[in-house]
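As structure tokens, the structure follows; a few thoughts come after it.
First chain written, first letter: the chains are A, B, C and D, and each begins at residue 1.
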């Protein structure tokens, strides 16, 4: 039984980690921090957890925390993470960081999109935690950088095509739609119910910080640097990301050939589900689960493919993928604690 | 490993049963019927289940079905159930019926609110499947009548007060609110997204068919016949019932005394959670789970209590409670397969 | 052409006033204040108004504002209003106050539910601005206290019954449901999209500040002091209140008699619509409009009536009623600027 | 005072026409047909209209209808429209057809995407009713083909760029998102509240019937045949379309230059609102109104533009644009009856 800590347990990602961990047979949630709610039970802030955990939220005192857990999830904003992670590592702990701080290989790129990086020495070591691509590296890692929600859906959606060399990487356009939980639990006018409900909008057009992460990983798969048009949108729903990705075809391919490509590529993967031929994903069919559902349509009229990928942004896009990484790092069954069936309807 | 069948697997209650059963370690889903979708995989109708079950929907041919399962859930409309259940029982199978057909003890009352009853001979035998009240009887039952969603929330909300003799049964008013999944999955204008979203309404004011069920069970607890004012409302959400129940106090009681009453009454119950003092339930904190969260406010200004009870109508209000009954009937752990943590947010 | 000012124009009630006023032929919006957004155009904060008004938000400097408008709406929180209204009146302006500060006749009652009152000398003069009950008094008023949203629906719902002496005032229970816009536009975790969407809850059970206002006005209609059980609930929708009100019958009445009572009582009223017999209101059918839709069901089984009343909380429950009051105060057509047809679907 | 008829008044588009027409000073709604609800008042089906119109729904008997109105809206499905429109024209009536039957110039293209066309002789005469492009032709028209909802947003979004020759027409990708009202009011499982709420999906990927209409009109503006990648998505909201359109730049342009281009292009247009620089549209800010809000972002990193356009699909995307066309055809003020301010929040 491993002891697990969550740094930043009162945000949506933090409590989602708790939801998964309290149903995980091989680990125990022993530490949960929250500056704002220190001293209160997590289950008092989230009555959904009542009767499932009596963990008490506490302030972040690293030297104290490290005594009481073997692996830590850092579910805090970027910049905060880089201030905490090095100390956790120094104490000999494993870390899955859910912020952006260790995802970007190139510190200059990071600093161009975010701010100064004060823990650059860990960038080389940090493994980009997409198990479908990096499983072996994750196994031995001390520090895993858990991928962003948008990048997860885009990269899993494009990987088979890029590996097969079917699409032109310079033509990739990712039009992505997310539920409001992606914006977190901070009080803010922009994410009030009345501002979001019954409406739909684009935001950060051409300037969202997931762009360099997407380009870095797509570039690796393509074997060349790429720029990607990436537009996020806000959907009036709580959970879910659906990414619609367009790319020009480099050669003529048939629909069946592409269907087979995806089936083969993801055959062994427990959490990626290519859709039945002719059908497309919907976020409601992955809600609450760690699945990524994918379909790829060959549009011969326009000589493009349209890839549609759906995840629950809080699960495969954050906490679920983090638990999957934890399982791999600790040598547990990769699917342990992740058996939740999607909640539909 | 018990083999389980679902008659009526393509409605919301049926697929919810499937969601719970595919994660249940001690049973196997071997039969699932649907007239409309016979021949297709359940997971093709509900891609949420893709990779979790390959059960194929079939038409209802009782003599054939009974060969392949030990216990059946009948998740079909009232009147349809009474045409199927007797044959299942005759074949020696156990049955949890989720319709209203075997909930009402008195056939005349049933016929006044529904239609002619053609299987009255089973009314005496059928056990009203509210485990918190009837656990012992359920243990030995062949036929369990799974309670209605509204009645479940109201009865669990009032039971401690009625048993303690604190409230006047003739003053009970139950103002109840349900998500749209309670209306089922039939194509209908009234439950289209555009008709329900962004609006709120009362329906069947003073005439909903759950009324006699509520009055029957409240009457048993009160030890006298009662009439209850019951008004259902439609909330623009998919899952959840919140019942707000008013009753006049027979004697002066303090808030702490009532809090203690609920804590004591439900101390041993795995699925009833009295709220922390001073807090009230919300449907989002039970979503997807088998919990019933309850609070009771003493309002000395008006000499009344206000009881607020929340359930997920598809779980504790239908499929979850049915699985709980199945567990009891089969001698399994009562909570087996019901460990889902509420999905919040 | 009257000049009109809105003090507190950037909240939901303020912008709703602006929405109505920019389409009002007889008035001009000349002043709009907002501490937070001073210096910006209102249409920049609410792009819905782009092209309809170029009014610039400004800080509240009463001596300056009063030069530029004839009548002011004060759409600010209670306690703030009492600090501004006296100065507006002193400058000879008419005021429609949308806060609670001048609704309660008895300063002691106000202070028991709110806080100290520092402008008690205006309580006698302030007219409770429910045109259906107080039209004549509003005509000559300098200061109108615009009713609360919940009280408006409850009082209009019960007035015919109370005037006819059919119900027992001590038995009134008002179970009310509101959209999230009632909570205002302040950044807050409790009203984030993810906290409200897909859920339903009761709040301030037995302690909501609209209680004394409801009891005061019901008491006047009943001709005796009354206490009322009042429970507000939060519906996952933006606009709308639906109140379900229960009361015991003092004598036997038939459904047709009660239908006729409501039709007669509201025959001349432009904004109250008794429903067609046998039908009930829904908030979506009044959305965006100044209507109050009402139905009353006689339930002879329980010897009670169930009254259901629906309004748009931002219109008939706030800004629309305020404009209706303004029209009466200024001698304009009472329905001017209020011709919006409900937005359904 | 012109007399107006609506053929197909009980669908969402039909009732939206009624909502606009009952507030239009220069016309009177004299005819409203509905096979399903013949004999009932429209206001009984849509209580939102109670007190605003007493028009009674009737079956479609063309020779009878034409006696009682000067202009007809045909708000019926494609294929039904082509069976009715010729008779209306033959009786000397003007027609605004809201179906797809007269939008496609080339009958072969129509028949490739829809079905056989039985009224081809009117295709030449029918004017594509986008006032911003075809105002002069609409003035003299007998038959106006009201544009589709998706095409309206895409064409208005791209017109300034295409006219200016800035973008490469072969690179256009339109990723579009619509509320559920676009699917109409027919009973259907796919548009039930529980199927749509809380989820997001793509549909008809690469095969939606608005494709040829988009390509036809874009082709005219581009002066060359074009194919367009068009992917519609279903948003869990009732009203609104937001289209995100990508295109490659043919030359280097600055953001300010493009902002000026849109401002100039739409300066005289009453219903197109270029957004304030640096801001983007949201459907909630056009809800219920006839506005189209547009922003165009120059993304020099990728050498593309991203155009975002928002409309209310039932208004500028259907009924509002139809009334705008009617106003032009009848020589009325183009904005008459269309002064509704967007309902936000």
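By our rule, contacts are C-beta pairs under 8 Å (C-beta built on N, C-alpha and C of every residue); 3 or more make two chains touch, one makes a residue touch a chain.
Predicted, not measured: the structure shown is a model, and the values here were computed from it.
Asker: Could you compare the number of C-beta pairs in contact for A-B with that for A-C and name the larger?
Answerer: Contact tally favours A-B.
Asker: Compared with chain A, which chain's mean CA position is the farthest off?
Answerer: Farthest chain from chain A, going by C-alpha centroids: C.
Asker: More than half of C-D's contact pairs recur, by residue number, in one of A-B, B-D or A-D. Which one?
Answerer: When the contact pairs of C-D are compared with those in A-B, B-D or A-D, A-B matches.
Asker: Based only on mean CA positions, could you tell me how far chain B sits from chain C in angstrom?
Answerer: 38
Asker: Nearest whole angstrom, what separates the Cα centre of chain A from the Cα centre of chain B?
Answerer: Using C-alpha averages as centres, the distance is 36 Å.
Asker: Report, in whole Å, the distance between the mean C-alpha point of chain A and the mean C-alpha point of chain C.
Answerer: Between these chains, centre-to-centre, one finds 45 Å.
Asker: Could you say which residues in chain A touch two or more other chains, in rising order?
Answerer: 12, 179, 181, 194-195, 197-198, 236-239, 281-282, 284-285, 287, 345, in rising order.
Asker: Show me the residue ranges of chain C that touch chain D in the complex, using the header's touch definition.
Answerer: Contact set of chain C toward chain D: 12, 15, 19, 22-23, 44, 46-52, 181, 185, 197-198, 238-239, 273, 275-276, 279, 281-282, 284-289, 291, 293, 339-345.
Asker: Which bits of chain A are touching chain D when the two form their complex?
Answerer: For this pair, the touching residues of chain A are 173, 175, 177, 179, 194-195, 197-203, 205-206, 227-229, 231, 233, 235-240, 242, 244, 246, 280-285, 287, 295, 297, 299, 301-302, 304, 306, 308, 310, 345.
Asker: How about chain D: which of its residues touch chain B in the complex?
Answerer: 12, 179-181, 185-189, 191-198, 236-238
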